[in-house]
Structure formats: structure tokens, C-alpha cells
Amino acid sequence: MYGQEFSLQSISLAIPKSQITGIMGPSNSGKTTLLRILNRLTDLIPDILIRGQVLLDGVDILMPHYNVNLLRARVGMVFAKPIPLPRSIYENLTFGPRMHGVKDRRILDERVEQSLQAAILWDEVKDRLFESALKLSGGQQQRLCIARTLAMQSEVILLDEPTSGLDPISTAKIEEALRNLKKDYTIILVSNNTKQIARISDRVAFFLMGDLIEYGPPDMLFTNPSDKRTEDYVSGRFG
Amino acid sequence: MRFNQFRLGVTLFLCLMALSCSSKNFTHSQALTIAGSTSVQPFAEKLAEIYMDINPKLIINVQGGGSTAGIKACREKVAQIGTSSRELHPNEGDLTKIIIAKDGIAVIVHPQNPVNDISIEQLRGIFSGKIRSWSRLGWVDKPIYFVNREEGSGTRDAFESLVMKKGEISDEALVQDSNGSVREIIANNPQAIGYISFGILNHQVKALAVNSVIPNLTTIKNNQYTLTRPFIFVLPSQPTPLASQFVDFVLSQEGQQILEKEGLVGFQ
Amino acid sequence: MKEKIIEKILTLLAFSAIGVLLLITVFIFKEGLPVILKAGIKDFLFSAKWAPTKGHFGILAMIISSLAVTFGSIVMGVPLALACAVTLAEFCPPRLLVFLKPTIELLAGIPSVVFGFLGVILLVPIIREYLGGPGLSLLAASIILAIMILPTITSISIDAIQAVPLLYKEGALAMGATHWQAIWLVILPAARSGVVTAIILGMARAIGETMAVIMVAGNALKIPSSLLDPVRTLTSTIALEMGYSAGDHRTALFAAGMILFIFIMALTILANLLMRKK
Amino acid sequence: MMRLNPILSQKIIKTLLWILTGSTIGILFFIIIYIFIKGLPQLSWTFLSTNPVDMGRSGGILATIVSTVYLIGIALFFATPLGLGTAIYLTEYTREGLITKIIRFGTESLAGIPSIILGLFGFAIFVIAFGWGWSLLSGGLTLSAMLLPTIIRTSEESILSVPQEYREVAFSLGVGKWKTITRVVLPAALPGIVTGIVLSIARSVGETAVIIFTAGSSLRFPSSIFESGRTLAVHFYILAREGISMPMAYGTAAILVLLILIINISAYMTMRFLMKRYS
């Protein structure tokens, strides 16, 4: 996924609170890398070089001594493939909070219910919370992964093509959940699916070959793009 | 897998280390280790078994390893008593030697082997590889398989000095590292011949008369049977009290009776 | 902070294996080298006269015996093992393989003393009755070792054969080759390095085996002149005499151990190089 | 010269291969069945629960079972953390490079060292230099050097097979590296790790050369790890080789083979159980 010479260049973005920011662009355009910088999962890649600043509430999260674990607790991430841990649904949801020291059973129960409700999964799984999460369908698993982030009570949710492998119904459910969530969370959604971006984003950024081409409200990008490349992309001429 | 289990592991490890310090003292005050000759081992074990019945608190460990190892173990304080089935070498003079019994070296063959008598010269001929067929001893013309002990064995040491004099044992000899395994080979091969401690002779094999003297307690005691050697306890110049007490027991009338019952000859 | 400490501890732990290996190397060489230098490398390696208590330290006979026993076990064991590997990997229904492979690996778990004992009880009398000699012999040791190394070679070879891309086999079959021709002409050559590695590891196990060999080989010091002669390997000499040795005798045994160690390391390095090629 | 029809020659070869394979597997079953026929009739509760008397001529084998258990316990106590630690380091804390090459080479080589050489080593280090004498501790420590490579290799393999995504999920939830390893990676790798440990137990049960040199062969019931002890395999070796008692030897051998069988089977069962738990 990370080519040796690949890089993102001179990017400046202001992500608004309590909105869904969509990021689109062809594959290899640097979307996923950008997303991973935001909660410093890029730390896992050896020899990566990142310069610049990422300010969260005015503090640069790229500073070496910044507490990465706390950052990741605040900035949650949902991956392209649903990856439930090989445990029960309940344990999947309480894993994060427990690791951050929440031990009270009542609080944990509460968070499980709230986060499942928010991810519109509660009704489907409330009777089998202690069964293996691997038994859920793909769409349910992905909603579980969203719920897992919610259970951490994070402030920002990063989604990396969360519906890429799912059927339209599951996709619709996830989009519904995201719309409900945006009042409490800052959501950044990376997607290949331009229509999805158009449907639910409040602001859209278009990336190409590591460059930020255009950033603005969806109406502008989709109906009246200022850059030729954006127009080509949204009209499906390449991508 | 959990972190507290990891912590538990560390604690256990520290306990073990603490135990190791305390237990070392324990070893020196309450336990006795006897190591050395595999010929002496069965008798030492019998003595230890009975002595531990008398002194239930005491622990005696009996190890094999061989005469030289026993002497070395005694010198290195790994064992409090070393046992040997050969005389001490001149460079081992720093240790105290105590003869506990006399043992015969029985020359054995398969029970079906018709040969009953052998001379020292014939024996030397066989082991030096010059006499190669049983026909030379008045049986059929079949090859002789002779079984030797390994280099360093007390029994072999004694056999070499009593039988071979200055001659060397041929390198064609089969080699086994204990009396029992020599006996097993002879018991399974009608053409084999070997030598073992008289004390562990049993019905599986037949002891030959050497120079027409049959080995038994009487002939060994009065030196008519010439292939004998001492069984020795080796102690450091300053033995531990436990070791001294055990040696006293072995040399007492009771101890000597046990040894005679097991097939050895008392030291007197 | 905690993470840093854990990483340091793990780094330390990670060097445990190589640490133990170094410790063994240093210590075997430290104990063994002096006596070799004293006796002279030539006399040590190329004289067959071994009487350490009388100052003779030649281990030639043992080296030859060790090599002979290993060679014998390879000659007998490898064809059988390869036959098993090919049959199980190619002809065996998968459901049977699931059962048979662990069964063969189980054979590797049977203690070597049990093999040695069965050799003494069953094999040695047969050799003595029908072939002559004392029964305890080079042949007996080779047969027992061949059985002991079978599972190692079989199971690694199965893995090697299964690792050959299915495409190769399909290609051969598509050109009209029979299944056996595909195995012989395409699959086995492709699995060669894995199979050779398996054989080398089997050799290392054979040359290092001690207890079973002591029990069935007869342990005579003479250089063997026939399959029915008793032999004494490097390992059995060490095990037979260690307990009784002192002074130069003991160091001579360590020196024998050193030679054995060098053999084994050479085999291991060879196996490693072959594996890397793959 | 007549050229054989390829189909016919395949048939002949296939038959031949099956005969060879059949006889190999036959040998295995023969060994196990032979030992069981001779040995199982000797087994009884008294045989298992009483101590050997008169060098093992009569009585049971309790002391040797206890010594075996002690020895395995000690060996695993040292080998498991070292082996698992090494495996974790190799898989999680470092990249392929010179250091991993050196460590892997050390592991491979240690696996190839004959037990007799390990025995020499343990004898001089633990028995003589550390002054522990022939003891279960000396034996267990030497044995742990023998088990180390097995545990490292099996653990490494099973840790590597844990999907990388699990680690990313844990990290993305703000879980630290060590906690990720202990709470996510190791539990997922557990089946393989446990199998490796169980199989290394089987190996220790059958080992003799190392143990005679380092743990001695005292037949007494061991009351602490600083005493010498005789394991089942060593007991069998001595009984059989010295011709002390053949029925006892067969009985001990049957127990040994039975143990190896049980250990192997339980290794597969544990693995399957652990793998099935959540999938």
C-alpha cells in the first residue's frame, strides 16, 4: 500500500467539527496515508518521514513526545475491511475502554448499549452479545467496528473506505449511522465511491497523486469544480 | 498471558532463588550423596536403604558414574562419599580410602556353553585377540566374542592388572559400560565371554572356574580364587559427620552382614 | 517508559539462544582444544589408537564409525522416507493424510532408548542368527537410526512437496504426463532443496544420536571392516567413558565432542544455506 | 529394450510406493503394539503409585514419574519465557536484518546440537561449576536449553500467523504496544504456542543422554529440586540395559509410549479446541 517513493505534498486542510468531511480520489492518491497520519498509525511504518503539523485543539500531534495512545483514544479509526477481534461482541466493544482503565461493569454495559445503538446494531445483536463477533455478517461486523470506536468515546472518527466490501443495504445502514453520529463527532470519511461522498459529506477534499486538488462544499466540487481534474474525476472520466 | 500472571511468574522465580540459597544448607546438613563405581552402586544402595530405615530423617542419594567420577566427585565435594572398585592411583593420595569389602571378578559365559574351566593364560589369549575360536577351549569352531568394559572402569582396571599383566586388550572387544549390560550380552549370546563383579552374578550366566578354582564366597575369602579386588569408600581428609557415621555403619557387623548376604566378602 | 523497558528485556531474552550456543561453543573448545594441541592434530584425527589413560588419543576409528553409521542410516532411511513423503503428499486422500502425518510425526516422539531396546531384543538376535557376527553391529545401528530419522525426513519432505505450486503439476498434467511423470519430472525437482535440507537434518540427528547407538552398536574400538562388525561412534565414546574419566581422558572426550560439534555445525550451516536458496 | 507404457509404469510405481509407505507405518504400529502387549499387563495402580524397591526389581515407578514431572516443570519454567520472549522480539520488535539473522542462526544451530553435547555442557556448568551436583535443577536447566529452539520456532510461526490487522485495530483504539501483544496477539497465537510447548514436553519425556549427565540417576523420591532424580526414560534405560527386571522394563516402556501418545494427542486436541473457540 505504501510505495517507497510515494509522498503527500504540501497539504493544508481545516477539518470542521461535527461535520462529515469526505476525502475522495483515485487509489494511490494518498487518502489512506493522510488518514493514518491523523492518528499516527503511520508510526508503524519504518523509515517514514513526516514533516509539518497536525493540530488537534491547537496542539501538534506529530510532536515526538505526544502521547500516541491517548491520541488514538480520541481519534478512532475504522478500516476498509471489517476486522472484529476473535472474541465475543461484548469483549470487542469493551476491549478499548478496559485497556484505558475502565473496569466498572455498569459503565461498560452502558457503553456497549449506547455505542451499539448509535451504530444501529443493538436490535440485531442484543440477545447474543457473548457470541463470537466473527459470526456476524460483513455489514454487521463493520458496524461493530464503528461501535467499537464509539465505545472509546472518541471525538474524531476516521473511516477508511468503510463500505468498500459491502452490499447496498449494509452500506445504507452505515451511512444512516454516520449521519446520526455527526452531531457528536467529527467524522472524516475516505471513499472511492464518489456518490457516497456526495450523499453524506458536508465538505469534500479531492486528492490526486499526493496533491490536494480541491477542497470545499460538495455542491461546489460536484456541480461546479474549479479544477479540470476534479471535473474529470467526478464525471467518471478516470479513477 | 495476563500481566499479573507475568508478575506471578517473577515472584515464583524469586521464591525459587530464595529456596535455592536455603536449600543448599539443607543439602549439606541432612543429605548424603554417594557416587562412583557402578559395581559398588547396588551394594551402596542396599546399605543406604537399610540405613535410611534406621534414620528416617536422613536422605542418601546413591549415584553411579564410575570409580574415577566418584573419586573426582568426592574431591570436588559434589559427593560426600566416593566409591571405587579399583585401588587409588598415586595422584589420588589426598583422599582417605576405606576398604568396605572384597569382590571377585567372575569370568562368565552363556549357560549353554559347555566350557567350564579356563586358565589365566587362555583368558589373556582371548582378550588380546590371539585365541579366536572356541575350538581352542575344547568346544566347536565358532568365533569368540569377548566383552570388555570401557576405559576407566574400576573392574576393567582390576581385570587388566590381574589377567592381562602388561598385555593390551584387543580393540575388537565389544565394550559395555556396566556389569549388568555385560551380563545381558553374555546371557543372550552363546559365543560370548566377559567378566563382571561376582556380587551381581545370577542364573542368566555361568561363571567359569579360573585355573580350576570356582569363584564362591569361600574361595574369594581365602584368596584361592585369584581374580579379586577391593571395594573402596573414598572420603575427603575431613569427612562430614554424616559420612563418617555412615561409614561406621557399613564397617559394623550389621553392615558387613548385609554385604555378605548380597554376595560380597567382608573386609576382614 | 514501560514500553522501553519491556523492549530492552525482550532484546535481552532474544539473545538467549545464541548466548547458550556461544557458551557451549566456547566451553567445548576450551575443554577440548588443549588435549588436541598436546597430542597433535594429526595424531588426534588420523590415529586409530584410543587409550586415553595410557596417553593415546586417536579418534580416527570413531570418526569413521560415526560416518559409517550415519551413511548407512541415510542409505536405508532416505528411500523409505521419500517413498512415504511422495505417497502421502501426492497419492493419499487428504482425509487419510490428516491422520497419517501426525502418526508419522509421533514416531519422532518415541524415546530413543525404546528404539535401542527393541533393537537389542529383536534386531540383534536376527542379525546374529542369519548373518553372523556378534549381532551388535554397524548394520544394527544403521537400521535403528534409519527408522529414527524416517519421521524427520518424511515430514519435512511432505512440506517441501506440498509447497510446490500447483501450477507446475497442472502444467505437466496438461501436457499429457501421467501423475507419476509429473511427480518425478516436475514436482520432485522443484522440491529438491527442501528434500535435501530434510536429509541433512536427518543426518545431523543420526550422527548425534547416542543412547540407541550405545545399545546396539557393540562399541568395539576397531575400524569396522564389514557391516557386521561392532562399531563405536563419537557419541557413544563420550557417553560410555565420561563418567569414568579424569584429567586428560576427560578433556579428550571433550575434544571428541568438539569434533562432533564441528560436524553438526557444518551440517546445520549447509542446511541453512540450502533453505535460504529456496 | 521394452518401453513400458507410462500408465502401466505409474501403476507399478504407485503400488510399490504404497507398499513402502505401508511397511513404514507398519513398523510404527508394530513398535507401539509390541511395547503395549509386553508392557500393559504389568501396569496396575500399585505400579504407578508405589516407589521402586531393590533398584526397581520390585515396587512401582512413582518416584520416576515425580522426577519426570519436576524436570519438565523446571525446563519449561525457564524455556517458555525465554522462548516466547525471543519469538515476540523477532516478530514484533525488530525488522529482518543482521540481528534477526544471527538470532535465527543461533536457534537453528542450538536445535541441531546433539543431546550428548548439551549433557557435557550442563554437567560442567551446573553440576560442577555452580556446585548444584546432580540435581533436578541442573537437569531441568540443561533440558531447557534443548527445548528453547522448539519453543522459539513454534511461537514465532504462530505469532506471525496472527493477522496484522488485529494489531492495527488495537493500536487504533489507543492500546499500547505491549498490551496489544499480551491482549490481542498472544491470545490469537495461543493454539500454536501451546502446541509447541506440549510437543517439547513430549521431547523431554523421552530424553536420556542429557539427563543422566546432569540430573543423575538416584531412584529416591525427590523431595526438592536440589536432589538428584531418575526420570522414566532413564529408569527404563537402566532397567533394560542392566537386565535388572524385564517385566518392570516393559511396564516402564509402556508408560513412556502411552505418555508420548497422550501428549501428542492432547496437543492436537488443545490446538483444535483453542482454534474453534471463536471461529
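Residue numbering begins at 1 within each chain, and the chains themselves are lettered A, B, C and D in the order written.
Basically, a contact is a pair of C-beta atoms (placed from the backbone, for glycine too) under 8 Å apart; a residue touches a chain by one contact, two chains touch by 3 or more.
Computed from a predicted structure; not experimentally measured.
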Item to complete: Tell me which chains count as touching both chain C and chain D.
Response: B
Response to the item:
Using C-alpha atoms only, the most centrally placed chain is D
Worksheet item: Farthest from chain D in C-alpha centre terms, which chain would that be?
Response: A
Discussion item. For this structure, which two chains share the highest number of contact pairs?
Written reply: C-D
Worksheet entry | CA centroid of chain B to CA centroid of chain C, Å | 33
Discussion item. Rounded to a whole Å, what is the gap between the Cα centroids of chain A and chain B?
Written reply: 79
Fill in: Centre-of-Cα separation between chain C and chain A, whole angstrom
56
Discussion item. Can you list every residue of chain D that touches 2 or more other chains, as numbers and ranges?
Written reply: 81, 176, 183, 187, 241
Discussion item. Going by the contact rule already set, what residues in chain A reach two or more other chains?
Written reply: none
Worksheet entry | For chain B, residues contacting two or more additional chains | 64-65, 184
Discussion item. Taking the top-of-page definition of touch, could you list the pairs of chains it picks out?
Written reply: A-D, B-C, B-D, C-D
Practice prompt. Could you please specify the touching residues of chain D with respect to chain A in the complex?
Written response: 95, 163, 165-176, 179, 183-184, 187-188, 277-279
Discussion item. So in the complex, the part of chain B that touches chain D is made up of which residues?
Written reply: 1-3, 6, 9, 12-13, 16, 19-20, 23-24, 26-27, 31, 33, 35, 42, 45-46, 59-65, 76-79, 178-181, 183-184, 187, 204
Worksheet entry | Complex interface listing, chain C residues touching chain B | 48, 50-53, 61, 120, 124-125, 128, 134-136, 214, 218-222, 230, 232, 239-246, 249
Item to complete: Could you pull out which chain D residues touch chain C in their complex?
Response: 6-7, 9-10, 13-14, 16-18, 20-21, 23-25, 27-28, 31-32, 34-35, 81-82, 85-86, 88-90, 93-94, 102-103, 105-110, 112-121, 123-125, 145, 148-149, 152, 176-178, 199, 202-203, 205-209, 212-213, 233, 236-237, 240-241, 249, 253, 256-257, 260-261, 263-264, 268
Worksheet entry | Interfacial residue positions of chain A with respect to chain D in the complex | 39, 41, 44, 46, 68-74, 76-77, 79, 81, 83, 85-88, 95-96, 99-100, 132-134, 145, 148-149, 152
